[in-house]
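The structure under discussion appears below in the form of structure tokens.
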Amino acid sequence: ACGAGESRDDDDSGGGSAVGITDDSIKIGAHFPLTGVAAPGYSEIPSGHQAYYDYVNANGGVNGRKIEFVVKDDAYDPTKTSSVTNELVLEDEIFGMVSGLGTPTHSAVVDFLNSEEVPDLFVSSGSLMWGDDPEARPWTFGWQPDYEIEGKIIGQWVKENMPDAKVGLFLQDDDFGEDGEAGVRQYIDDQIVDVQRYTPGNTDVGPQIAALQASKVDLVLGFNVPSYTALSQLVAMKLNFTPKWFYSNVGSDPALVGSLLARFSEGSVKDDASLLDGVLSTEYIPGVDAPDDPWMKLWQQVWDEYGEGGKLTNYRVYGMSEAYTFVQALQAAGDDPTRESVVEALEQVGGDFEGPGMAPFRYSEDSHLGISGMSVVELKGGKADPLTPVLVTDIGDAEITEDDSAAGDVPPDNGIPDEEPAS
Amino acid sequence: MSEHENTVPLFSMSDVSVTFGGIQALSDVALDVGSRQVLGLIGPNGAGKTTLFNVACGFVRPDSGSLYLRGKRVERLRPHQLADHRISRTLQGLGLFDRMTVLENVMVGADRHAQTGFLSALAGVGHRDDARLVSRSRALLEELGIEAYADRLPTSLPYPIRKRVALARALVAEPELLLLDEPASGLSQEEMADLGTLIRGLTDRMSVMLVEHHMDLVMSVCDDVCVLDFGRVIARGAPDDVRRDPAVLAAYLGDEVEHRATEVGRCSRYAI
Amino acid sequence: MQQFVNTALGGITLGAVYAAFALALNLIWRSTRIVNFAQAPMAMITTYVALVLIDEGYSYWVGFAVALLSGLVLGAVVERVVIRPVEGKPDINAIILTLGLFVVLHSAAAIVFGSRFQSFPAPFGLRGIEVGGTSIALTPFGVFTVVAVATVMVLLVLLFRYTDLGLKMRASAFGPEVARLLGVRVGRMLTLGWALAALVGSLSGLLIAGGSLVHPAYMDSVVVYGFVAAVLGGLDSPVGSVVGGVLLGLSLSFVSGYVGSELVPLSALAILMVVLLLRPGGLFSHVAERRV
Amino acid sequence: MIRRFTRVPLVRHLLLALVGLAAVVVVLESTSPFRNAQLANVAYLGIAAGGLTVLTGLNGQLSLGHGAFMAIGAYTTALLLQDADPALPLVGVLAVATVVALVCGVVVGVPAARLHGPYIAGATLALAIAIPSTALFFDDLGGEQGLNVLVPDLPTWILDAAYFVTGNEMDRTRSIAYIGWVCLIVTYVLLANLQRSRVGRTWRAVRDDDVAAEIAGIHLGRARVLAFVVSAGCAGLAGSVMAMAVRITAPSGFTLNLSLLLLSAVVLGGLGSLAGALIGSALLTFLPQVVTDVGVDAGLTDVQAAQLSPLVYGLVTMAVILLAPAGLVGSLRGLLQRRRLASAGN
Amino acid sequence: MFEVRDLTAAYGPVTALDGVSFTAPKAKVTAVLGANGAGKTTLLRTVSGLVRPQRGQVVLDGDDITRAPVETMSSRGLAHVPEGRGVIAELTVEENLRLGALGGADRTRRGDTERVYELFPVIGDRRNATAHVLSGGERQMLVIGRALMAAPKVLLLDEPSLGLAPRIVAQILDLLRSLVESEGLTVVLVEQNARSALSIADLGVVLNLGTVVANDDAATLADDVQLRHAYLGF
């Protein structure tokens, strides 16, 4: 495992660095919580990536290059993220970081990646940090819609459709909840009567839900992860608390939450319908609840052929969708991609990528933020039923507009994108 | 009765009472130790002898009463401060530091003589001071005839040697008052005799309070004997007088012993 | 008012769960003088055993019984295989050993059962009952939890205070050599202590899991709070464990609901520190100090 | 002559430190930046483990919460290093972090000194989770996301001097590794001094028999608090180095796992031995990576390979306790001693 | 009858017992004497199984019990009062005594606690206190009382007089005598203090450095001036 010192390229000058890439391979890496408290769910994302890369590799790779995806476990601990990123960059010599997960974890390495000029693509987190300031972090790109625009879209919808509702917020106590709250407050600051925060890891949310109930809220907006959706529903059941629920996209995952709650609806709940019926949420990529969507058909096919086994879940779909975007970026960077050219290509043509995202990416020289919008949906019988067209916006006071232009994208027949080189 | 040279005794307690949840371990005990005197403290099991030592050392706060050391009141002192007031004691058990060598055990007792503090220890410049503690401790080990064991761990040593180590640790602090709690238990007749000589030898530099159940030793080394029963002083006086005191005989010695006490040296039934 | 009642009720149920866990620690401490940090993952494993059975279509109670039984066996096996060799060695050896076991069981479970969330059924309803129009967070399953914990506590008090077996177990813990001389089969007692403790631990695992989600780390917060509860009450007293557990559950529930859930760990520390400052041996310690 | 000289503990420790420093220079200069980063990791774990081994091995107090003191040191450092050019030089930052942890050590150590056995374990366990969680409460501490740490460049004269000695330019990773190892060496010299001094003797006496220690004139409370404070200070310094090496300080970096990891490092290496603490730290730094790589090579999925590393770490811990209860260094020492006895007997 | 044949035991490299043989006849007191470190304690510990012998046999009423587990000793009627620290300090006085009765051989003859309290009124006063608070001598009484609770056939006593007031020692020795005479108890008495031990013993065994140097009538031993001076210290 030594010798890293010698093989490091000597010339940083000239046509850009070609670390991690050869004529027939490209090596990328990522950090994910594969163990520890954050592992449930999130540890499935990289298997989605892997399945899709295997699929692409089996079909000849990208310009003849096979994608090698190296995943390291950081247990959601920034200290470990830092050390595995060192390992990926300095020892494994990856071309770029793709989809490293988590806000505190990725924060620990974002400066390092930028100072080492390593492409840091498609961070798996909705924090604004991944793209709102390309000057400060020129090598970093977000992917999913950030929490703030989701908050804005939810806020506007509530303002228009439930103007009299007393709103309570149920927030994860970190940037996720914070950014979401900021977005929501742009529209319905006066409607919010109570804010409750839970600390991830503390699974007893009884006191929080009891407080919301005591505030007599009609609508709870949840910026939380799926397990807490299930927990909040369970506690609400215990308390006979029946407001309207609106979970952000992160937490809604109807398939997962539905299956978690299914067991409790068997005996204890009288009405047979799913506990999640009538719950509101948002959607920006098709998920496993829509098996007939052309993208889902592709993912299902890829998973069946190249997956590591187990069910196809929304986490895996998320991973495959990110992987798809990475393949697009690589193609756009031309026949001989360098670290620089990938970033340049994303800035130039990334905004036009067609993919599973229902709204376009915001990639440009001024913004590295990801998908720009989503639609509001209602869950019915375990499926998401759109209530609005795709709503698109940006951070800050950008307006919310309707834009269905990207929603009709269908995957190419061979399931592999075909981007033109950007330059 | 032996007379004290000074008008103020070295150590005294008056009206000391201690109760433990309903058990009266000491009641109104008054007692004094003159300088360079050996005071024997005897009494039945559970009479309160160790408790009295504990009071003297600050391990037990008396419910009432006062302690004086050279005329100064000391009952508010904590155990670790007594060493500075030049009181040392041994424990009824051994109380050695099992994972430290004999020398180190004794050096802990000599800690009072150390002059350097935490900072010089941290900076590693205290070794000269430490060397003085080493020589002091070695000298004492030599005096007690156990210097050969200086670098051994106590657990590997025979019981009588360990008892001596415990004694050395108490002596190295150079106390004025030494409290010995059953120093002879587990020793053979011969070793006990040596111990007696040793204790007598100490009286040129300190006073000793001795708790012991071996009458031979008590009778031979004590200037004065004080008898406790149910937490009260029931007799006090010269060994010979105390030994004949009927109350003491009834409470403590038992009548069988009386024969032996008068005919020391003869092998008699039940004698200890 | 409704919030107050519901927060309190939630706190009591939560406290009952801490109490159950604390009882297991208490039992193992009293019978072997070891704090078993692997208690939580052991309980987690047995809960998964129940889950597998239930998924296979067996009833909840079959799963429940088998989980308790496998807890018993697991406890015995762990004592025989892992703990027995360090018997009589310094405390820290056993502690580190159980910490090692903690890690091993954890990752083994993640490998075998996967690390995703799974829901665990409850035998009784999970809906709160209505009292005079307002609904309160007292569920039938919550009642079951409290009753189960109280029963275990009473059984433990009876076992240790009034039976010869309890006496032998305590004697084995405190003075193995002397106990042996007096004819106590110390080895068996230690094994039995671990087995029973693991059984109680399994019960606490099942109670926490009931009507909630399980994953390999689902017991982790209980490791801390259950232990804090046990220490709070005094490790030598089953009543202390229960009082400590309920006290802690209640306080933390109120802190979480009225102040902020991020202060929960800090309040646990504060409560523990205050109690231990006043009573270094916990609330229910009763050993009079005699040091010399 | 030299013999007599090296019998003075300070001289011996300084000599060892010099040898250590030389070894550090050679190793850091000849290894890759990645290894440098790993070695920085070893350094800060080693500093904290060194303090803990003194507390647990010498004084007999068990702490399951030293990660909390690392968090205190790390957060102090992060707060001091918020600007690109901080008000304090790095040495000052390290010192302030240590002192803040020392002070917190007093706050915790005073009540802890009265506790024993499982009660102190319980209190420190609660500490381990309570301290990092307070960061969530105070907005100034950056919440879940934590605080970024901006490590300033070393002063040019140091860089020049380093270039002069090694002939290599010093990059940032390497300079932090140097900071870590210099701190480690200084800490270990100080701890070794303490260990051999009357303070160390006092600590061991309290560990072996507190009653006997007290009648020998030792202030029990003071001795215990002092040991606790010293080790808390070490943890604070370690946290400071950690903050610089990791470049971020967030609550999720100070989970209970960290505290337990430190304890295993100490026990794996051999309780009470500084060398053991260092070896334990190295083991815990390098082991996971090696194991995971082996797992991946053996064809396991990423998730399985990742789980393999804690599994092996747990098994190794258990195996050491069962097979070599004195730890690696302790067992080695025992072996050598037996050899010596055997050869002396012949 | 109780017999030891060629018993040899070692702690690592230290041989503490080297081929010890003797017989302790039924209903007699056999004193085992010798200087500190002679191996007396080791002898008793080997007999009751706490130390594994390297060689030799222990025979109780014709049964070879050499390798029987410690736990079975009390049910064979053997009780061992260990040297020092024999109480379980965390249990109450009453519990310590109850424990003593659990393992005895003969259920019907096991004593009740009241008998012990009568014998030692001091500990009767403390029956519900944890043994932790007892004084040194009170602990010793408790240990002896606990051994009696099992109504043993053979009683091994390791320095029972340690820390006891003379009157209590006398009382205990009286009691032993009467148990020997009335109930046929066999006693093996280890004492540092040879003089008082020989005064109540029927037989004496003198150990030196792990070997038997004398084995005879108690009176004969007490009269042997040379032996007394060489090994018994009086």
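Per-chain numbering from 1; labels A, B, C, D and E assigned in written order.
By definition in this document, a residue touches a chain if its C-beta (ideal position, glycine included) is under 8 Å from a C-beta of that chain, and two chains touch if they have at least 3 such contacts.
Since we're looking at a predicted model, the values are computed, not measured.
With contact taken as defined at the outset, subunit D and subunit E are each touched by B, C. If you average the CA atoms of subunit B and of subunit D, the two centres end up 44 Å from each other.
With centres set at the average Cα position, the gap from subunit A to subunit D is 37 Å. If each chain is reduced to the centroid of its CA atoms, subunit B and subunit C end up 48 Å from each other. With touch defined as above, residues shared between interfaces to two or more other chains in subunit A number as follows: 35-36, 39, 43, 173, 199.
The set of subunit E residues that touch two or more partner chains comprises 129, 133.
Each of residues 107, 110, 115, 220, 260, 262, 264, 288, 291-292 in subunit C touches at least two other chains. Shown are all chain pairs that touch, namely A-C, A-D, B-C, B-D, B-E, C-D, C-E. Put simply, subunit E touches subunit B in their complex at residues 35-37, 84-85, 122, 125-126, 129, 133-138, 140-141, 159, 161-171, 173-174, 192-196, 198-200, 222, 232-234. On the side of subunit C, the complex with subunit E involves touching residues 164, 167-168, 170-171, 174-175, 177-186, 287-288, 290. Residue ranges on subunit B touching subunit D, taken from their complex, read 57, 59, 78-80, 82-84, 88-89, 91, 95-100, 104-105, 107-109, 111-112, 114, 116, 118, 121-127, 129-130, 133, 169-170, 173.
Every residue of subunit A that touches subunit D in the complex is listed here, in rising order: 1-5, 32, 34-36, 39, 43, 46-47, 50, 71-73, 75-79, 82-83, 86-87, 90-91, 103-105, 107-109, 111-112, 127, 173-175, 178, 199-200, 308. Subunit A makes touch with subunit C in their complex at residues 35-37, 39-41, 43-44, 173, 197-199, 201-204, 206-208, 210-211, 213-214, 226-227, 230-231, 234, 237-240, 256, 259-264, 266-269.
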